[in-house]
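Shared between the two complexes below is chain A, which has chain B as its partner in the first and chain C in the second.
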Partner chain A sequence: MNLADSTQAMNNLLGSEADSQRTLYPYVTGTSVVGIKYKDGILLAADMGGSYGSTLRYKTVERLKPVGKHSIIGASGEISDFQEIMRYLDELILYDNMWDDGNSLGPKEVHNYLTRMMYNRRNKFNPLWNSLVLGGVKNGQKYLGTVSMIGVHYEDNHVATGFGNHLARPILRDEWHENLTFEEGVKLLEKCMRVLLYRDRSAVNKLQIAKITEAGVTISQPYALKTSWDLSAFKNPTAGAEGSW
Partner chain B sequence: MTKQQANWSPYDNNGGTCVAIAGADYCVIAADTRMSTGYNILTRDYSKIIQLADKSVMASSGFQADVRALQKVLAARHLIYQHQHNKQMSCPAMAQLLSNTLYYKRFFPYYAFNVLGGLDSEGKGCVFTYDAVGSYERVGYSSQGSGSTLITPFLDNQLKSPSPLLLPAKDAVTPLSESEAIDLVKTCFASATERDIYTGDKLEIVILNASGLRREYMELRKD
Partner chain C sequence: MDGISGDLNAPHSMGTTIIGVTYNGGVVLGADSRTSTGMYVANRASDKITQLTDNVYLCRSGSAADSQIVSDYVRHFLHQHTIQLGQPSTVKVAANLVRLLAYNNKNMLQTGMIVGGWDKYEGGKIYGIPLGGTILEQPFTIGGSGSTYLYGFFDQVWKEGMTQDEAEKLVVKAVSLAIARDGASGGVVRTVTINKDGVTRKFYPGDTLPLWHEELEPKDSMLDMLSSASPEPMGFDAFALLTTSNKQLPAVVLATNHYCVQNAPILLFHSITASGQEIITWDVQLSPY
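On to the complex of A and B.
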């Protein structure tokens, strides 16, 4: 590799015609996923939008999926890459079940698998263009983690992807506490999703909330949030600029 | 107009600072627990320190995914070493392994800034400091990461390390006691936290001595 001319080398690495095989940019994308730990387990929330650039093209995209008995995954970013990740995860769980040894992959293990997968794709300069949230409960232990498209990963009591990091995490840092009840947890998530709906242009008003406890996984039916646009500033927005629209 | 590219970088800087100080019969390794990206804090409670062997502890800041991968590679190599030699790796041996592992990826580096601390075969404290591609040196103390520019001059002032050019070589380990060294580390981080946005939240201190390994924590400013 001729390192003396690095710009040309970088261009070759990242954009020559022969490289139509690697991911260059995302096409259909999902926006934020928000997750919190609560008393009995984990709650994840994500809307059902699949944007095609600035067009809100798809509105029934399920971005929250169960993984085995003990985990749920939420994905933002390229939807087709998420579908591929689900194929890998379903295969992982299948082989785990085929051992038939009474053991099953917990959320920690699945998170580790995802981290290694994302990091290895990043190493090959062909990333899976997603930010993932992985939550679950096994043997009473709650787990909530996240992985980015370049392999940056961590676990915490509350996590979010994309815009959720900017808008939801501050709310959660202020209002999250240990042993939230289910109702309190849902209310908190809805507060975050409402702010995202107001302020993230890729958000759609149709969301699902997924719950995972020791007992199992439940993903809610899609529903919409109540919004309030009767702030005086919204009522007559052109009041200060007659003729504007 | 040329095609729009959503350019992505395989690297990110997740911030953080690491410090290590070698004493006559102990070693102090410390790092903050903040993980950031850009102007965001991702989490306030992420450990950058890992015990690689009985007497080797590594603290690394930089790109977290690379740091984690590096930790895993070293831990796996140490396990193999134990299987083959039926003993733990010494700290100087681990130091060489870390250097070689980093240089192995000389043309797509681990974006990790490491300090390796521990006890050498004589039980004396040792600290090794690295750059991202494996260049290393044994020193009496070191700091790496986002706050290193703030901490290193302060340690130079407080620890007055002898020049590595002196002949005969003078011992680089500090004459400070273990508790004095720990106090010094706490002061370093309290100061770095004031001025470096990527340093803060909590300080994790690992102390290695003849009795084994011990951990201490100290709260830092969260802003």
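On to the complex of A and C.
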């Protein structure tokens, strides 16, 4: 359903590509997603913000979604591309169900599907502008992986996208261990999300945590985290050096 | 509604203020009426709220051409869909058709839109479709370049389950506030209210809108002021008094009759200390007594 080119000459960075489609830059974006394995399965956390450049325009964007029975996906980056990815995934799951053969796609398969999708778009210079986290449990096996917009993919015990790479992963490297309980896992994720709230300009204080176990998927109601500002060092930070900050 | 491009990588909202709000029973869509090409106002009475079906309307912002062609295509598809379906199309279908065009042509289109309407299944619904083709169903949404001035306003006054009257007043007030500060928005305020009983269009010309900070009551002519109560409409009164205060003395307070065109003059005070420094200037609007 392509319309006639209404001339966006500024977008043509490489000569004339009036016909070719390429996402050159994102408009409405989500920030970090953080995911960890814990005793019974996977926990993902993401805030509900949709930024429009520097404006925190949307504050109730669901960036964590279930995929079939065995997986959950979290997305950062361009929201419209994530919505399109969800359409592809819902179609994938639908066709899988239509086989009606007792089998269902597990998290490893879904992760692979996403990887192929992202990498092939990247090769056509028309990426889906997202970083994705895919977690799930099937037949007792826990799986947690990530895919970037250029197709870089890997699995690990803890993953994060965006700012989470810089702020959350060091915390997780230090404090994650096998067989975290649900409570420990949630507290660990909340520690990461709080740091992101302090230090990521595009973070908003409204988040969801998603849990997946063999039993199924639960995505929490939106909630907000308490923050701490009552440090003595904050009260008069420039007392010793007027004009500093 | 033509924007002036700046930084390539920052999303830019275009000329216009558009608003869609849900209320208890339907939706109210609102918009300004200014279409600009660069600095010139090409159309000062445009209608940015476009009909898609009997029960679904579209607020357009950004490129006038892009938003018009999108609405034309969607109107065409919805017309076919209504015939095939045998009943009025839902707001969700209309919104998703707009999304499809916006998303699949994201590299070429520069238009942010708001779809609002009423159907028998979901009642009144508002869908925001910004640049890029994201679709978000929301209780209310704002768009266009004028919307930047309204985020704080809506954060403060928005509440769920308003009456139709409250919702319409809110929309008119909001568009009017945006027009006051956004150069790319102006003209009249148009609203379209959609509920189970149908569609009502309202029109609020500039002189029916409230006045905001530093805006003056419009007059036919300055001559009208000359014949009013003030004896020296063009003159100045000035007086000075020597004062002392605990902190700095002596001080001189000068008052001048400033902004004397209104019946209630505003006095401008300048306070000057012995060292000659002007330390405080403030203006006070006096009532007649």
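What we mean here is this: the second predicted complex is superposed on the first by the 215 of 245 C-alpha atoms of A that agree within 3 Å, B and C clash if a C-alpha of one lies under 4 Å from a C-alpha of the other, contacts with A are read in each partner's own complex, and residues count from 1 in each chain.
The rule is simple: a contact is a pair of C-beta atoms (placed from the backbone, for glycine too) under 8 Å apart; a residue touches a chain by one contact, two chains touch by 3 or more.
Everything quoted here is computed from the prediction, not taken from an experiment.
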- Report for A:Ala45: first if it touches chain B alone, second if chain C alone, otherwise both or neither. neither
- Item | Contacts of A:His153 with chain B and chain C, given as first, second, both or neither | first
- Task: Check the contacts made with chain A and report whether chain B or chain C touches more of its residues.
- Result: C
- Query: Touching A:His166, do we find chain B (first), chain C (second), both, or neither?
  - Reply: first
- Query: So, A:Ser80: does it touch chain B (first), chain C (second), both, or neither?
  - Reply: second
- Message: Let me test your reading of the model: by the given contact rule, A:Tyr25 touches which partner, first (chain B), second (chain C), both or neither?
- Response: both
- May I ask you to decide whether A:Val34 touches chain B, chain C, both, or neither, giving the answer as first, second, both or neither? neither
- Item | chain C-contacting residues of chain A that also contact chain B | 1, 24-26
- Query: Which residues of chain B touch chain A in the complex?
  - Reply: 4-12, 14, 35, 37, 40, 42-43, 45-46, 63-65, 68-69, 107-108
- Message: If we count contacts the way the header does, which residues on chain A are in touch with chain C in the complex?
- Response: 1-3, 5-6, 8, 10-11, 21-28, 50, 52-55, 57-58, 60-61, 78-80, 83-84
- chain A partner, complex, touching residues on chain C are 5, 8-11, 63, 65-66, 69, 73, 100-101, 103-110, 130-136, 138, 148, 151
- Hey, which residues of chain A end up touching chain B in the complex? 1, 14-15, 24-26, 115, 119, 122-123, 125, 127, 149-156, 165-166, 169
